[in-house]
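Two complexes are shown next, each including chain A; its partner changes from chain B in the first to chain C in the second.
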Partner chain A sequence: MGEAALFWIMAPIAVLGALGLVFSRKAVHGALSLAATMISLALFYIAQEAPFLGVVQIVVYTGAIMMLFLFVIMLIGIDSSDSRVETIRGQRVAATLAVTGVVLLLAGVTIRATLPEEPAGLAQATPDGNVPAIADAIFGTYVWAFEVVAALLITAAVGAMTLTHRERIVAKATQRELSIKRFSEGAPGDAAGLPVPGVYARHNAVDTPALLPDGTPSEDSVNRVLVARGAARSTDEFRHHPTPADIEAAAEGDADEPAGEPGPDDDASGGERA
Partner chain B sequence: MIAIAAETTGDEVAGFGNDPWWIIAIKCLAIFVICVVLTLFNIVFERKVVARMQHRLGPNRTGPFGSLQSLADGVKLMFKEDIVPKAADKIVYIAAPLVAVIPSFLILAVIPLGPEVSIFGQETRLQLTDMPVAVLFTLAIASVGVYGLMMAGWSSGSTYPLLGGLRSTAQVISYELVMGLSFVGVFLFAGTMSTSGIVAEQERLWYGIILLPSFVIYLISMVGETNRAPFDLPEAEGELVAGWGTEYSSIKYAMFFLAEYINMVNVSAIATTLFLGGWRAPWPISAINDGMFNTGWWPLLWFFGKVMLLIFVFVWLRGTLPRLRYDQFMHFCWKVLLPVSLVWIVAVAGMRLAFNEGVERNQILLYGGIAVAVLLIGSLLIPEKKTPAEPEPAEPPEFDAFAGGHPVPPMPGQEFVAVRIPAATTQTDDRTEESSRA
Partner chain C sequence: MNPTNYLVLSIILFSIGAAGVLIRRNALVAFMSVELMLNAGNLAFVTFARMHGNLDGQIVAFFVMVVAAAEVVVGLAIIVTIFRTRRSASVDDASLLKL
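Take a look at the complex of A and B:
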């Protein structure tokens, strides 16, 4: 009874997850759907008295492989959705044919299979429990296949590393060397790093430029990537534009203090007046 | 301890699966309450201990000695405005805290908190359930919980959370591997993967003593697994604002917080079970009155005492060590911890095989000692790495304060000779220009 209830709850989730993988536009949604399907399958295994298989399914597939997939997807692009353009000609036709073939093959196998009248039962199949039975299969019966697969995987890993390997001609600069270089080569003013973004009454995000002492916005204070994407606020928005009242006040200030040095901007004279 | 425990029961661990429903309900409720109450306590505990380490008092206003501070904070957090950013992926954004917090409640279900006791006349073990692969089950549940952090980072739709999510993914893949390897030694010696079986096997000697390298590796990787300082790179507040949690607020943020603190208890409980003898009393106490303190409800005290000791280690680390740089952190995992674990597992497997073949412990120690001695003597024969002789530093040249473009004071022994102010000329030029214009 409990097993049937579990099945009717988890089976739709597994199927929906599989459909979600196929039909979702965003790659991350697809990966998360697949993770849901994998967890449902693991629960089925556990319900079928194969706890080791179920737990390993979660640890290896959901916990490591799917995580790695997601890592790569997130690295590639945060919101890159699949484009529907066919990049290789005839790909769709070939894919349809291949899928039909596989479905026919599997259906043929399933229909033609003969099942025993009475299942042998777990007690007969694995007399010592799950773990020893699987260990016996992997390290006893199929040890040769297991070792070959291990060799194949190691070859693949070493091959990938060889293909992406790059020989360094000069040693990588350490943090200390970079710091010394920054002081000795660049302008001393830049040694402390770039200026932080602006903080105002209504804006304090990274897309907001800071104002320099003379009232002009500092281009360096906004990340170049944000500017290139067009995600930063325009620096012009924060430039100080003198209003007619400001100019009038500045003129008055000049009139009040004829002896004072005529400053290039009204701020200086304002300060003196205060 | 040495003989492999015969698993005659197949896929069920003896002593479980026969509880009436109301005992199961009581145990489930107890685990939930333990998780929540320990979280409330641990937050205050952590703040108090860190404060003492920094010569402060810590929270001392709410409740006696500030003990209700985290309760007040929690209530405050619930009533705050819940913000969902415009760029967020709504469904994933809301599901993320749930995915993080639900698995964290599950792990204590397979941890033995004590031996057989009687609840309302019903004999039962102080453990909700056990299975032949219980330790692997905890690993699986932990890896599902990490999806929460990763989903939070991705779905927030902004840069810092995404970076935090990426870091958390990479960190967990790496450190989970090491954590799994540190279990292998225990499995080999206990001959079982069920938690109650492992505790039973540690009756004479804790695995934390005989498998010390495994224990140390586990302690390091458990800090990495729970994203705690000095491995808290996914939420490094100096670099990523709050990492994957930057955009979260109100009860959703509280859930992440809850998950983090429950996970601390979880990994400490696993360490206690696997390496510190589980609920068994420490040595001098366990010998009193023929093991009286290992029966009844006493073991709860020892179990939670050990867990709190490990929590204190977490806090101690946070109060002591600065955060690692990201590349150093990854190097440490892949180039130090992983090879050490692999070598250690080979050694443990060799020892195990020798015991199974009937070799005496003295002989193993003798031959192992001889092998180590040969290696040590051999290492003496390796010629020392010759560092290229540095050229004798010539007579220090005349000290120029502006040589690097930035004025610096002379070092001890250097003579400050000439004064050169390169920027002065241009400034004077400006001024003369201005005054002439005036």
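Take a look at the complex of A and C:
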């Protein structure tokens, strides 16, 4: 009874997750709905007297494989989505027909097969419990397959490293060479390196430009990738705009200090006010 | 509960995965659909193991999981390599069988 309740609650979730994978436009949404499907499958394994496989399903599939997929999605670009245009004419119709064929084939096999109404259960096959019986089988009957699979995993790891490895064509420039290059061809102002991004009371992120001692924001302090993506905040937002009260206060306060020229503290408050 | 229900669910998931492989052209989504098909096969294996009172089905499902993990490692590395050279994760752009 409990198993039936579990099945009829989790099976629709599994199917919805699978449909979400196929019909979501963004790969991230597809990955998350597939993770939901895999978790419900893990519950089915546990309900079907396979607690070891259920745990492995959660650890390996939802824990490792799906997170690997998410990492690659982030690497490739989180908003990479399909175009809706069909490149091969009639591909979707043909695919639908083929899938209907698969469904009919599998359903026909299942209907025609003589399947028991009640499962035999694993109580006789696993007298000491599920995990000892699986350990017996893996390290006994299937020990050769186990060794081969170990070799396969090592090969896969080496293969992935080989595939993603990039050979360096020219030697990496040392710090000394970079310094000489900056002095020889750059402006003298560049020799000390670029300023770091700004830190303010409300913004200390890499997308906010630093304010130079004279109160002007430095556009060089923001990563140019962020600028190219349009993710950087406008430097205008952090420019110090002296109000008439500021000018009066500066004029009354110190005659040596030019009016409207802010000190370092004014810079911070100016950015904060903006 | 009748274990055939699990088989029917397995068929549904397998077919949805097959449809995903055939229809979607984002390499990552197609690859995830392959994983869905493998999972559906695993569900059938576990169901049959319980139906017939034989543990071998669970062992096979375990090995399928290990092989799927190895496959994901290599497949994702290939997708990343193709993306580096072509700036695209669409399977249509990798039609030349070379990088």
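One rule holds in what follows: the second predicted complex is superposed on the first by the 137 of 274 C-alpha atoms of A that agree within 3 Å, B and C clash if a C-alpha of one lies under 4 Å from a C-alpha of the other, contacts with A are read in each partner's own complex, and residues count from 1 in each chain.
Throughout what follows, a contact is a pair of C-beta atoms (placed from the backbone, for glycine too) under 8 Å apart; a residue touches a chain by one contact, two chains touch by 3 or more.
The structure presented is a predicted model; accordingly, all values stated were derived computationally and were not measured.
**Q** Look at A:199 in the shared chain and tell me whether it touches chain B only, chain C only, both, or neither; answer first, second, both or neither.
**A** neither
**Q** Based on the superposed arrangement, let me know which partner A:122 touches: chain B (first), chain C (second), both, or neither?
**A** In the superposed model, A:122 contacts both chain B and chain C.
**Q** What is the contact status of A:183 with respect to chain B (first) and chain C (second): first, second, both, or neither?
**A** First partner only.
**Q** Applying the document's definition of touch, where does A:34 land relative to chain B and chain C: first, second, both, or neither?
**A** In the superposition, A:34 touches chain C alone.
**Q** Between chain B (first) and chain C (second), which, if any, makes contact with A:106: first, second, both or neither?
**A** In the superposition, A:106 touches chain C alone.
**Q** With both structures placed on chain A, which of the two partners, chain B or chain C, ends up touching more residues of chain A?
**A** Touched residues of chain A are more numerous for C.
**Q** Using the touch definition from the top, say if A:247 reaches chain B (first), chain C (second), both or neither.
**A** neither
**Q** When the two structures are overlaid on chain A, which partner does A:55 contact: first (chain B), second (chain C), both, or neither?
**A** first
**Q** In the superposed arrangement, which partner chain does A:64 touch: chain B (first), chain C (second), both, or neither?
**A** Both partners, chain B and chain C.
**Q** Quick check on the superposed pair: does A:96 touch chain B, chain C, both, or neither? Answer first, second, both or neither.
**A** Touch status of A:96: second partner only.
**Q** What residues on chain A does chain C touch that chain B touches too?
**A** 49, 52, 56, 64, 68, 75, 122-123, 126, 130
**Q** What does chain C use to touch chain A in their complex?
**A** 1-9, 11-20, 22-26, 28-29, 31-33, 35-36, 39, 42-43, 46-47, 49-56, 58-59, 61-63, 65-74, 76-81, 83, 89-90, 92
**Q** Taking the touch rule as given, give the residues of chain A at its contact with chain C in the complex, in rising order.
**A** Residues 3-4, 7, 11, 14-15, 18-19, 21-22, 27, 30-31, 34, 37-38, 41, 44-45, 48-50, 52-53, 56-57, 60-61, 64-65, 68-69, 72-73, 75-77, 80-83, 87, 91-92, 94-96, 98-99, 102-103, 106-107, 110, 115-126, 130, 133-134, 137-138, 141-142, 145, 149, 152-153, 155-157, 159-160, 163-164 of chain A touch chain C in their complex.
**Q** Which bits of chain B are touching chain A when the two form their complex?
**A** Per the touch definition, chain B meets chain A at residues 7, 9-11, 89, 92, 131-133, 136-137, 139-141, 143-144, 146-147, 150-151, 153-154, 157, 159, 162, 165-166, 169-170, 172-173, 176-177, 180, 193, 404-406, 438.
**Q** Provide the residue numbers of chain A that touch chain B in the complex, in ascending order.
**A** Touching chain B: residues 26, 28-29, 32, 35, 39, 42, 49, 51-52, 55-56, 58-59, 62-64, 67-68, 70-71, 74-75, 78-79, 122-123, 126-132, 183-185, 187-188, 191, 206, 261-262 of chain A.
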